[in-house]
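The letters A, B, C and D name the chains in turn, as written, and every chain counts its residues from 1.
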Amino acid sequence: MRILIIGDIVGRPGRNALKEHLEELKNFYNVNLVIANGENAAGGNGITRKVADELFEMGISLLTTGNHVWDQKEILQFIDEEPRILRPANYLEGTPGRGSAVINLDGVKVGVLNLQGTTFMPCNRNPFFVAIEEVEKLKAETNIILVDFHAEATSEKIAMGYFLDGKVSCVFGTHTHVQTADEKILPNGTAYITDIGMTGPYESVLGIDKELIIKRFTSSVPLRFEVAKGPAQINGIVIEVDENTGKSLSIERINKICT
Amino acid sequence: MRILIIGDIVGRPGRNALKEHLEELKNFYNVNLVIANGENAAGGNGITRKVADELFEMGISLLTTGNHVWDQKEILQFIDEEPRILRPANYLEGTPGRGSAVINLDGVKVGVLNLQGTTFMPCNRNPFFVAIEEVEKLKAETNIILVDFHAEATSEKIAMGYFLDGKVSCVFGTHTHVQTADEKILPNGTAYITDIGMTGPYESVLGIDKELIIKRFTSSVPLRFEVAKGPAQINGIVIEVDENTGKSLSIERINKICT
Amino acid sequence: MRILIIGDIVGRPGRNALKEHLEELKNFYNVNLVIANGENAAGGNGITRKVADELFEMGISLLTTGNHVWDQKEILQFIDEEPRILRPANYLEGTPGRGSAVINLDGVKVGVLNLQGTTFMPCNRNPFFVAIEEVEKLKAETNIILVDFHAEATSEKIAMGYFLDGKVSCVFGTHTHVQTADEKILPNGTAYITDIGMTGPYESVLGIDKELIIKRFTSSVPLRFEVAKGPAQINGIVIEVDENTGKSLSIERINKICT
Amino acid sequence: MRILIIGDIVGRPGRNALKEHLEELKNFYNVNLVIANGENAAGGNGITRKVADELFEMGISLLTTGNHVWDQKEILQFIDEEPRILRPANYLEGTPGRGSAVINLDGVKVGVLNLQGTTFMPCNRNPFFVAIEEVEKLKAETNIILVDFHAEATSEKIAMGYFLDGKVSCVFGTHTHVQTADEKILPNGTAYITDIGMTGPYESVLGIDKELIIKRFTSSVPLRFEVAKGPAQINGIVIEVDENTGKSLSIERINKICT
């Protein structure tokens, strides 16, 4: 089966790009399932009920997130009742929401696990130890397992790839908003890429207005960020997974500039 | 003119890969100049006199570095007399060595500037302010200017790209050891890529033995890292620069797996 | 002369404690001058025009600040015209406001310098290099110089103390909100203390409601902080400075619980 | 009963100060038990078999540690067999050594728990969650429980104090090497202090030669640290604990300059 995974959707520009092009991408790559990272989908920060529904209606089956998951306060009102939105599984005990899910696709089950790194990020539970626990639980239901490792440091992300190699179908990174060119099938069959990139304004710094970010780096006075304007890009990957073994057969990067 | 820029060379595997393939790459891409980041060239940490000479003899004209520049203590004995090895220009006043250089290539001058980020890295002088100062100095000699921005955070790197767009020929990132897929010519003619990647062991975590790094992330006891074994990759970019304007005409990623 | 220096004033509880007890403290210690750190004076975050005036009216001659200085946006409207509020002098070039001031006390001049650390804090200009520059400027006017080093790491703070020993009258730390017991006169006559502490709610975590902070450390969901209720403490120091040499003769901690 | 707790012992100067003065301190304060933080006891970094034995022979019953615990490699050879040396209990699963111990003092049992913070420090298991688990285990044996919270941030340390208030006899901080002046008995009977300070060279930066640390903060080239010379200080606290309830009756700071 073929799965399309969309990188961090940033604000309305990211959502509009998908509204216009997702169907076409699904057809072109002939995909059976679409998931996306939605932590920046609402105005660049977090996700709301309305924005999530907009994305589900486009045919995205599940949204993973990361450090921006709580940016919109209303998420605390619905995340417990919404199994299609994940937050990192290695958040501390007692955190609302859930970190993994199983999608039932006409009888074929696909497990999705969301994890967050701890290097240059807040300290949560060790993502490697939690990965082992969660993968074991998902394995009881399916061999097809996708892992969104939302992390900053390349070392931590690649280590997770090798750590889970042969245990899951795909480990893909999110959070840096820059797509990496290191996609590969690891020795034991896991598709891997350090970061799948960002779906949002093309001429921007991670989706944010570039002049504001330049000001931030050249000033000691903080300022409000705003999602950039202009044409968008759609970043992501398509993987092909053997449904019987759960191993990946291919991984291909998508980097579409929408003009 | 065409310039080949090689990403962080890691240890003997990285050097050996270049010894075997650099000539072939230079010919294939028809390049006039080769520079490289050498901060990990000696056993994964720093650079020695012997290792530097080995790289210069291969036809690399200049080595940039980064946070690992001081790892081999002997560098302090020769960096002041070696204009072909740069350390980040925004290191504090009084730091040995220099942060920029002008290469004279049969009458064509190429300026090179090395900077280091401050996000998730030690605090040095503001790289944006220092960039302006240094670029102005280099501009007095040449329009062709290459900037190695050795930094961790994608936001800081992309911001530097836009900040220097139109002022230099190329801003390329190093340090994360993972090549990014966002190479482009920015609106005002500067070639940009967030990270040009790593030249060293292919099955590794940033060049280091992957089992050791996995242990590091799953244990509270530190351990010594060792450069990984096995086939190497060569990562880098080739840019084509208009010698008159200093603007870049193209940027192409190189990701060669040496088997 | 005797100078009373008040530690980070937190919100209304801190201001009220001073309103009630400052006069009594001034009389008891027979002080000629009072300065305070006011970065948390407005509701725990930043400072407003109104809050600053309230503090000036109590007899505080000057307010230093730190990382929270910009928390209340309105400060950008008056900091350039208000020489009695300092922000750290080592903020980047172009930052509004000023980092040092000279107070004229019936002919006796007292210089005050505000600096911020860079360890575990945002990267600004090197506070040691800026200290040298600023102290030189102030020395042209007076020998009596007070330095508020707003910093997190004990190593950076103590290093600054020894670095400026003999050049200024006093180096006192702020920011951790916990008074340290290491006050001393350094070998060359500079009064030193790592942190003068906090003026605000006594049963609290740095002035904030303790249950909220405990929740923060045991949860992955962020929450809004609120200034704690209940009795307040006044923290600070009194130093005695020789007006001719600028050297300090004594440093005494104040830790008053107001019930 | 009275317990003397000694702050981070730094190198030979710290050990020598104790050799000379510990007996006298024990008599003066009439203490029944001495424990100390020994993470810097061997040359400023870590602890060896020989150094540990030297400290045990002086009458120190147990050594807690912190982030420097692994600095001397030989500790891995004996920590599993040495119940008198603790490392933080919240290190990751599988870490050698143990994080808590029960000392039997002629029939009176004293539990000791070592924890490490996660703010501005490596990410380990959440110290608050681990504290609850460990305190419960120790409670099964005794009401008298001492907690060394080896941490950087004052907020995390004070939060732990209130978090464990009423559950343990004492929460004392270590790691910053600067004694704080906030010792108190919390509302529910737990003695608390943010940091008990350092036992080592008096004119130094955290025990290290001050010129070297100043150089470190004013240079981009790293350098080797060395323990400072000259007179030492002994820092610590004496608490008086009600043996029946485990509540503390008093906490007194010790700050002895040995000349």
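By definition in this document, a residue touches a chain if its C-beta (ideal position, glycine included) is under 8 Å from a C-beta of that chain, and two chains touch if they have at least 3 such contacts.
Here's who's who by UniProt: A, B, C, D = Metallophosphoesterase.
Please read these numbers as outputs of a predicted model, since none were measured by experiment.
Where touching is counted per the definition, the chains common to chain A and chain C are B, D.
Shared residue numbers account for over half of those found at the interface formed by chain C and chain D, and the copies are therefore classed as meeting with the same residues.
Here the CA centre of chain B is 43 Å from the CA centre of chain C.
If you average the Cα atoms of chain C and of chain D, the two centres end up 30 Å apart. Under the contact definition stated at the top, the residues of chain D that touch 2 or more other chains are 92, 124, 126, 129, 218. Within the complex formed with chain B, the chain D residues making contact are 70, 76, 87-88, 91-92, 94-96, 122, 124, 218-222. In the complex of the two chains, the chain D residues touching chain C come out as 120, 126, 128-129, 152-156, 158-160, 162-163, 176-182, 187, 194-195, 197, 203, 205-206, 210, 213-214, 216-218, 253, 255.
Chain contact summary for the complex, chain B toward chain C: residues 92-93, 118-119, 123-126, 129.
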